[in-house]
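Before any comments, here is the structure.
Letters are used for the chains, namely A, B, C, D and E, taken in the order the chains are written, and counting of residues starts over at 1 for each.
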Amino acid sequence: MMRGKGYFFKWYVALFFVFLYAPAILLPVFAFNDSSIVSFPLKGFTTKWFEVLQSTEALHVAVRNSLMIAVTTAIFSTLFGVLAARASTRFAFPARRSIMGFIMLPMVLPEIIIGVSLLVVIIQLGFELSLFTIILGHILICTPFCIAILSSAFMNLDRSLEEASIDLGQTRWNTFWMVIFPLVMPGIVASLLIAFTISLDEFIIAFFLAGTEPTLPVYIWGQLRFPQKLPSLMALGTLLLVLSISLLLLADYFRRRGLKKTGIENSGGFL
Amino acid sequence: MTQPIIQLSGVDKLYGDFQALSQIDLDIRTGEFFSLLGPSGCGKTTLLRSIAGFETPSAGSLHIDGKSMDGVPANKRPTNMVFQSYAIFPHMSVAENVAYGLKARRLPKAEIQERVSEAISMVGLQGFDSRASHALSGGQRQRVALARALVLKPRVLLLDEPLSALDKKMREQMQSELRRLQRAVGITFVLVTHDQEEALTMSDRIAVMFDGKIAQVATPQMLYGKPSSRRVGNFIGMMNFLEAEVRATSGETVEVDVQSLGRLTLPLSQAPAGVDGCQSVGIRPEMLTILAEGQTAEREIEAVVSEVFYYGDMTFYDVTLPQKDAPVTVTMRNTAGRKVLAAGDTARVGWSPVSLLLLR
Amino acid sequence: MTQPIIQLSGVDKLYGDFQALSQIDLDIRTGEFFSLLGPSGCGKTTLLRSIAGFETPSAGSLHIDGKSMDGVPANKRPTNMVFQSYAIFPHMSVAENVAYGLKARRLPKAEIQERVSEAISMVGLQGFDSRASHALSGGQRQRVALARALVLKPRVLLLDEPLSALDKKMREQMQSELRRLQRAVGITFVLVTHDQEEALTMSDRIAVMFDGKIAQVATPQMLYGKPSSRRVGNFIGMMNFLEAEVRATSGETVEVDVQSLGRLTLPLSQAPAGVDGCQSVGIRPEMLTILAEGQTAEREIEAVVSEVFYYGDMTFYDVTLPQKDAPVTVTMRNTAGRKVLAAGDTARVGWSPVSLLLLR
Amino acid sequence: MVLISPTLVFTLLMLAVPLIMVLALSFWTQSYLTLDRSFSLENYKAAWTEPMYQYLMARSLRISIFVTALTVLLAYPVAYFISFHVTPKRKAMWIFLITIPFWTSYLMRIFLWKVILGYNGVVNGSLMGLGLIEQPLSFILYNQNAVVLTLAHSWVPFAILPIFVALERVDRSLIEAAEDLGDNRLRRFLRVTLPLSMPGVIAATIIVFIPTIGDYVTPRLVGGPNGLMISNMIELQFKKANNAPLGAALAISAMAIVTCVTLVFVWMNRKFMRGPK
Amino acid sequence: ADDGLVVLDWSGYEDEGFFQKYIAQHGDAPTYSFFGEEEEAFQKLRAGFRADVSHPCSQSVSKWLEAGLLEPLDTSRIDLWDDVNAEMKEAFKFDGAYYLLPMDWGTTALTYRTDMVDMAKMDSLAVFLDPAYAGRIALPDNVDDIYALGYLANGVTDWTKATDADFEAASTWLRQAHQNVRAYWADGAELAQLMGSGEVVVSWAWSETPATMAGEGLPVEANRSTKEGSSSWFCGYVNLANGPNPEDKMYDFFNAWMDPGSAEYIVSEWGYGHGNQTAMAAIGPEGLAEAGLGPVEVPVLAQVPMNQALREKMIAEFEKIKAGF
């Protein structure tokens, strides 16, 4: 009976991982498969689908748009996040809970509602759909995530560090740059990263608000209808996967370094 | 006496409706080791932070070194603080931490370096200069916090429970070190603590606080020997209380009927000014003695031992006196050859009227 | 003597390479209040958890009530545990917590109810039955944990530092309550603590542990009065050590040259069995006296006061003896009229050879 | 107050104002190409009485609840395994392993399920290769099963995380106490571990439930003709059907229903949270 | 891509074979944005999407015009304007201005995998209701084609004369067919995938499907001569109001499309007809027959402009049908 311990779990978890990884594993498989039909049996090895990517200009445009949107979104939502997190963890102000609740609301609103409401405003006010409107939507949905991450960073910050700095004769402004900012830096990096990735992959709002210029997911959506485009999409997906894992590992490396600098026991890991 | 370095008068602090400090009048003398002692929540930290400039009193005035501190922000006051959590900047080395305040003053590099290494050796951390501050033990962090504050040569060093995060051994060691350091630098120390032993062993003078008010300010000996109230007496060490009724006052003495002990005449020096309202006498457990066979005392009373607590060096006896329900505690030193009694034994308890205090 | 309720012999516990317990031989008697005392990390918790069944010893045997506990899981052992954190189920009320173990045994509802309310009143929590467990103070949680374990009428109650989370006042109160409870229910208590005062005041017998080994098992008086080694002596209370050299043993006595004190003859009862290897004598600070003017003692020695620690009821003096660098501590009770000395004063220190212990 | 204001103003402008406009729009009516701005409850009447909308709403709720339940059930043992059977040093790595497949395009992942479940997809291919079936199975794609499966896959890591965190927070000595008091493995799971991890379960429930009801991509890609959900209908009204007011009314109604369901979960959470803390 | 011209088109129409001349002239294809169905395009434009050119079919033009999306064509800038099918271009003359450059036309017909169906049943639209094909049929996600099917199945061959009862009957028939539908396809590529894998064996499809799939060697054929008949449609390019660019390139694009080479290409590769009547005549009846565009004996429902109110009803009803109601 002692063998029964964890036996069930090992099998369950193994099966679960098959389920979990099923789509992701297929990406590289078909990306390197020498056939324009995405199905088994495999035909042979090729890198031509990556070459196709290289020569697809519409894709490059979409990637550029998406990167622009994601970077802008990351910067602004982190900025808004820093302000809100600092305000909510450090200061008391009237109706704090309701205000914070309201700001966090997009986190618990179905994305279609956000898409719909932004679309309505844009139509009613006669604005034009553009990348700018997508950025606005993305900032709106990313800010709560940034606040969540940054709040914990600010909350972990011992308030007496700030007071110590002032006590030692520093001004408030310098205190922010010399003490608070370096210590919440890992949180800021994490926030930038999260906002960047959410924005980069966001489809529902982007599609609702898409103007002339497609984002990467909107482009992918358009391409999904063409069977002959699928293998190169697989190549694209493979690249995205490799890219984001590298980015994550890099971020985790910085996080660990940050932790080491502040001497906090490394317990968490990603998220 | 020289001018007090810190003068508070009529200081109030309100948090909303809650009065955290009320009518604080206090003078702290230049160069003394002063402690604020009181139970949790009595307002010690609030008072200390008001002096440092992190809280603004709701009323009253605060002068440091003769200058009003109205509107003077924390970073402009001649005080420095050692925080309970030490607040060591985790992203800086020991030396960077210590240099922090000097850099804020934009002193020349060479001078900063010199003063930093001086301060570091003052607290015994030579060779730790470039150690990352998270790789320090509790006691070492404590020292960094001290060095970081002292390097600025403040007029007053404020310490908020600086030892409470340390374990017992380390705490005792740091207590004598702190005391020694204070004597060496001659700076006025204001220490917040809720540990009466800490306050008694370290301070020149102590202010005992309850509920936002100062109950008594005195030297350790005075505080222990002549607490101004039952509450202070009980907070500073153990004290037995017996009901008492004042019968008459005449010149230098007062007549009292004391539960179990009968009618006594006490010198007025053993009573608070104006004896009205006094309803009990207090006696410290070590002022009572369980008399060994053949031993005598000024006064004696028969008692029954109800509980025995053996502490190795001491034994605490709870004894029941005639006409008193709650037992009285007697502490005895376990000297060689003295027999430890057991619960249920009868004992003669020796006492002396000079060790009784009439209390409100 | 009746059969021991718990018998350990040759118990080892390894965590990887690290030997947390080594060669533990221990008998715990039925009905006694037994304590495991030792510094942090010495293996107390590991030992207690091995008894409870949460750790499996790497070697050796464990019998409870005469039965081998090999392969018996924790939920089948006749022991119950009070956890350091109390481990009160936060999603259950007081009564549900107490009823937990009874429900696990599938007792009838009525019986459960009866025994629960009995246990709750035993620990003085009448009326708290339906209180949510997070709305309890530390002391109250402690009581719930006790009631929850005691209601199952275990043969042995295991307590892992049950008082360390309480503040000082509450801790002292719970100490006497625990002791009283143990006497009332007659169950064997095994208490883990690193607080020597706690062990001394509460236990019938104490096992002192260092580094995974048992150093001494004895009653509190024996432990304090006759520690088996310098390390035990220093761990249980304060002890002054003076260098010593054994000159000769003859019949019932031993001749020793002691630093500062000179040649002495001590009875063999004041030395460990076989005096070889003894290199110091120990004396408790309370066995030394600062003699008042006119007071005498069996032996006397001149000393200089180097530090004074005033504790109210006591004063601790660090005094320097001739021919000794490290100061010796003398504790004095502050009785009425006794003058407190200051650092730098000279003093006559009284002592007696019977209070010296020859130690390894 | 000054600090928070930029964020607040942005959210007010980008969320509150738009939501109010959606609300206003939902009371107007659209006929062919013209928008009638007089107040009317027509859209709500349609949204709440027309069988199609009722049915779609019910179907969406059903699918979302089903997905939520399936996701949480799938996630719990995994979270439990990581929390209780993995050495502490490895836990972060395991959590990372769980998130890896999600760092590629969301659309692509859904699409790959089409490849897996498709007529000549991986599943059918393997089953036929093994000789288990003769004809490709067609009930695994283009229906509600496929929607449920795909959504569950998309959201399962987001369910594992809160449950894992809740399990990590369960004081291990509580479980030992339960053992000490006589409970066996199963009973101490049911009486202690599970109730104490409920806040995580409920958080997971909310985290999965809300976005699944707002998703119109998954139903579109793998749902087939009978797998469409209310979000597809909202999108349709705003786009093809050219009836934004009705779309707005549907969106507001859906939001109201989601809010109600979520409040029930939050309330349950409160009930459980009252315990610890 | 050339961002001097933005084309909002059906997906698939970015095929460079259609506008070789434009590429030769400008070195690059115009920027494309795609729609799957006209209502989607209409909404996208109404929502503010800015393109220079788009590609509606005959029934939508007046709706687009009413919505203010269109600008008249400057026919003087279309070199081969005189070669344009006269009947088609005159149908879109409003207030003296032309709004549509008719460009492509084709048929929608019963299309099937010859290797996987019972050929005997392929002579009637009733196969769509046949339980034997449950889960194996695909219908277009396109309101005009779908109602063309519905009306034909009920014997209505001219939808401009359809009554409410006809509309109800068509809807009922489509509801029944819905039970058998595996997928509603939005464009040829999607249908090609469905039929190529054998997942779908019968479809109501544009003539491009048999043309392109046969090209890939897949046994797909269409039968335009089913008992109930088949449908035909024509579409063309419009000049969008509010286009982001000057119109020069737009007319270059139109002229490239009007090139006889494009006509040949669309007929041979796509199985569609072309709006350049002269070029079509040059291909000849045999060529057309070979491409599957020859005349048929059975009724043909032409997807010509119709009553907009009825069409709105169709749009709404079709959505219900697709949702299962």
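Note that in this section a residue touches a chain if its C-beta (ideal position, glycine included) is under 8 Å from a C-beta of that chain, and two chains touch if they have at least 3 such contacts.
In this text, all values refer to a predicted model and were calculated from it rather than measured experimentally.
The minimum number of touch steps linking chain C to chain E comes to 2. Number of steps on the shortest path from chain B to chain D, with steps defined by chain touch: 2. For chain C, the chain with the farthest CA centroid is E. Just count the C-beta contacts per chain pair and the biggest one is A-D. Centroids built from CA atoms put chain E at 38 Å from chain D. Averaged C-alpha coordinates give centres for chain A and chain D that are 18 Å from one another.
Chain C and chain D have centres, each the mean of its CA atoms, that are 57 Å apart.
Remark: chain B and chain C have CA centroids separated by 29 Å (rounded to whole angstrom). Shared interface positions of chain A, i.e. residues touching 2 or more other chains, are given as 39, 119, 123. None of the residues of chain C touches two or more other chains. Under the contact definition stated at the top, the residues of chain D that touch 2 or more other chains are 118, 120, 238.
Applying the touch definition to all chain combinations yields A-B, A-D, A-E, B-C, C-D, D-E. Here chain A touches chain D in the complex through residues 6, 9, 12-13, 16-17, 19-24, 26-27, 30, 38-41, 79-81, 83-84, 86-88, 91, 93-94, 99, 102-103, 105-106, 108-114, 116-121, 123-124, 136-137, 139-140, 143, 147, 197, 201, 203-204, 208, 216-217, 220-221, 224, 233-234, 236-238, 240-241, 244-245, 248, 252, 266-271, going by the rule given at the top.
Residues 176, 196-197, 200-201, 220-221, 224, 236-238, 284-287, 307, 309-314, 331, 333-337, 340, 352, 354-355 of chain B are the ones touching chain C in the complex.
If you check the complex, the residues on chain E that touch chain D are 37, 39-40, 42-44, 46-47, 63, 66-67, 135, 178, 181-184, 197-199, 308-309, 312, 315-316, 319-320, 322-325. Residues of chain E touching chain A in their complex: 1, 6, 11, 31-34, 36, 47-51, 186-187, 189-190, 192-193, 196-197, 244.
Here chain A touches chain B in the complex through residues 158, 160-161, 163-171, 174, 179, 182-183, 261-264, going by the rule given at the top.
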